[in-house]
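Chain nomenclature is as follows: A, B and C, assigned in order of appearance, with residue numbering initiated at 1 for each chain independently.
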Amino acid sequence: MAAIISADGVDKTFRQLKRQSGLAGGLRSLFSRTYTEIRAVSDITFAIEPGEAVGYLGPNGAGKSTMIKMMTGILTPSAGALSVLGREPHTNRMRNAREIGVVFGQRSQLWWDLPVRDSFALNRHIYDIPEARFADNLAFLTEMLDMGAYLDRPVRQLSLGQRMRAEIALALLHDPKIIFLDEPTIGLDVVAKDAVRKFLARVNRERGTTIILTTHDLVDIEEICPRLIMVDDGKLLFDGELTRLRADLGSRRRLTLEFATDPGPLPLATATLSRDEGAAKHYLLEDEAISLIDVLNEVGRGHGLKDVKLEEPDIEEVIRTFYQNKSRLAGAAS
Amino acid sequence: MRAGAYPAFALTAFQSRLAYRNQVWASAFGELVISFAFIAIWTAAFAGQVVVDGATLPEMITYVMIAGLLYWNTDRLINDVGEAVRTGDITIFLLKPLSYPASLLATHFGHYVFDQLVVTLPVLLIVGFSVGLLPPASLFHALMALPFWALSWLMLFTLGALCGLLAFWLLTAFALEWFLKGIMALASGAIVPLWFMPGWLSGILGYLPFAWVSYYPTAIYLGKLDPPATFLYFGIGLAWLAALGGFLAWLWSRARHRLIVQGG
Amino acid sequence: MLHNITLIPHLVRMYVRTRMEYRGAMFLAWLSQGFSYGAMYATIALIIARFDNLGGWQWPDMALLLAFHLLAYSLGASLSFTQFRDIEEKVRLGTFDAILVKPVGPWTFLVFSGLNIGYGGHVILATGLMAWSLTQVGLAWSPLLVLYFVAALISAAMLTAALMTMIGTTALVWVRSRHLFSIFFGFWELARYPLNIFPAPLQMLMITLAPLAFLAFVPVAVILGKPVPLLGAWAPLASLAAGPLCMLLAVFHWRWCLRNYQGAGG
């Protein structure tokens, strides 16, 4: 299948004004100013197939929002080729707009003083959604996102979680082929985050809507996006399955052995002891090839082993290791 | 309460304005254009006559320049207070060991100095060198113009702050800003001095506080009032300022009370 | 294009309903602005009362000039002022980005989703003053004059909207544009006086770079049969062309700025 989004060596450079500090600097800036160039996105290449759900991850200022703005046609790339739905997004912004949905986590597209329903109704006209289709979608979204209770309340009275669900519904009313979400879960509590994640995963699964979302929250990616694109400082660091990221990094599974009584020090060849609490001992399994059986064989009988717990590494840890390795590499290089 | 914090407010306000370089140039340019326009308007009005109601054209040109300088734009002040009320940011000030009105005074003093120094002064210099401005009528009038100037700004500040605070009850500072603008256009004497108005009107406006913003300071500068009258009107102006200041303090205490009791 | 036009009533309805949520504040604003302009005009009337005329314009002539100035301005500004003044903020907050991802012309969306009904006070004052002054100046009405009057008013309103569009749109590229509005309002204020009283360079400026002479002075002078400096016999034609020409320029400027839009960080 042809890619629905493809980026080929995309670059974006901004010019930023250098602010001068102090009274003297301020006075000087009345007459002259200096600029710095910021390369917000540099040489990004990827391709996304229809129906994929992709998490776009990176620290603050990594260039995530900038990339979303280019894919939605708001900004023009400084270099490289970008294609969304087979078209160049910037030159075909309005045409693409009909087939995509965009949610900006930090800014609202709803009419602040009017009931939620009114914003939805306006979108029906903006996107020319057929009456019946609109009614169906509204019913489905209201049901799924549990918006029934506040559809007739002015947006300014809604909680952030309620508003965010309304924003997402607004972006999906016209059955977009792709939905872009820039930090959709920012500021939401655990329950609201969970509702949003479950819903997006379901939309992706059942309707086949392609999802691109940026986030700082790794759980978003774990629950919605099988695929992860990681960026830092504008550059692509990793692109692939989440599980592959684990494998690439060597999955450091965590093993806990619990004994009836403290068996004393128990060093193993198959696992590294990370913490010793006497009767409970924690190990890390560095090597993918080593199985639980191998470890248990090494421990052997006679220590009064009571319980065994093996945990897959959580994604936070994977990413943390990833960044640590990267900075270590960068440190070594410089 | 640390009094040392207040000059810092003024300095911060002054510095913050420097960041908006285009705004500075544009304001100075706009001010210059308007100044030349008002000079043109009075020149056209005099149409060759030498003295009208005891005032000459050069006097009128000096009058519009100085009265215009004194007629400082209170929009920023009213907006600041109005916004603080609307967004509830004003409650933050109740938590600080600072007086909100005093910090407001310091901040806008910073803005005032900025506007006069960076925007108005260059315009005065340009007009002074190209068209010519009259010096003060006498040493006495020159010395008295200074306290009148201070009174003028304090009066403006008090009026602006009052309008801003009224937003507590009217929920909109916008309309108040426009009411004040309208009153000031007519009653401050910034555009037409009271001596050109019909007697009944100047009789009324001459005793309203707005005339102390532009009319009296400029009239003193031009020597239109003799020494006894100068002191008398300074006294009346002070009384007005005290009355309005008292009203402001009372409004603020009501507003504070409301904030504390109702939580904003 | 057709899609944009059919959308207009819906956008306007949304905005009007938003304003009606705060109708008390809006009517108060009408009142205060009407009062404020009234007071300003009173000061001009005071000058003329004392000096008989201003550059050959007596009070009824001046009243017509002021009324035309205010009416043309408020008609044009309702389509443009707050909308384009706030572009700066919309860019900073990213709400302008949200407009760009809709399948609607961003100009249509911006203008009509903010069609300002706050100019009620202006319009009432302006039409009242205009009606009174027209009874005083004794015009020899003819169909041609009526046609010119209406067309000149529309052209002047277009001029206002076009200039505001150009100024506000600049924020898409230069981030800030407020300062340009203060320059606009400087000239706008001059535009309510007879052009002939100003020094020649200022007159020149006001029919070229800052063409606000066309907002009121030129058309009203033509209507009253008064001489127009610099333009002379070309005045009627020029006043009709000024609005559409500026509009055309505004369209190009808007497109250029949109192409070079950089957004804001975050």
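A few comments on the model shown:
In this text, a residue touches a chain if its C-beta (ideal position, glycine included) is under 8 Å from a C-beta of that chain, and two chains touch if they have at least 3 such contacts.
Chains and their UniProt names: A = ABC transporter ATP-binding protein; B, C = ABC transporter permease.
Treat the numbers as computed from the prediction; the structure is a model and nothing was measured.
Taking the mean of each chain's C-alpha atoms, the chain whose centre lies closest to the overall C-alpha mean is C.
The interface holding more C-beta pairs in contact, when B-C is weighed against A-C, is B-C. Per-chain CA centroids place subunit A at a distance of 54 Å from subunit B (ABC transporter permease). Rounded to a whole number, the gap between the C-alpha centres of subunit B (ABC transporter permease) and subunit C (ABC transporter permease) is 28 angstrom. Subunit A and subunit C (ABC transporter permease) have CA centres that are 47 Å apart. Looking at subunit B (ABC transporter permease), residues 25 sit in touch with two or more other chains. Multi-chain contact residues, meaning those touching two or more other chains, do not occur anywhere in subunit A.
For subunit C (ABC transporter permease), the set of residues that touch two or more other chains comprises 22. Across the complex, subunit A meets subunit C (ABC transporter permease) through its residues 14-15, 65-66, 69, 72-76, 93-95, 97-98, 100, 102, 104, 106-109, 111-114, 118, 122, 125-128, 154. Within the complex formed with subunit B (ABC transporter permease), the subunit A residues making contact are 19, 22-23, 26-27, 29-30, 33.
Interface residues of subunit C (ABC transporter permease) facing subunit A in the complex, by the touch rule stated above, are 3, 6-7, 10-11, 14, 17-18, 21-22, 93-95, 97-98, 100-105, 259, 261-263, 265-266. Listed in rising order, the residues of subunit B (ABC transporter permease) touching subunit C (ABC transporter permease) in the complex are 20, 22-23, 25-27, 29-31, 33-34, 36-37, 40-41, 43-47, 52-53, 170-172, 174-179, 181-183, 185-186, 191-192, 196-198, 201. Residues of subunit C (ABC transporter permease) touching subunit B (ABC transporter permease) in their complex: 22, 24-25, 28-29, 31-33, 35-40, 42-43, 46-47, 49-51, 54-55, 176, 178-180, 182-183, 185-187, 189-190, 193-194, 197-199, 202.
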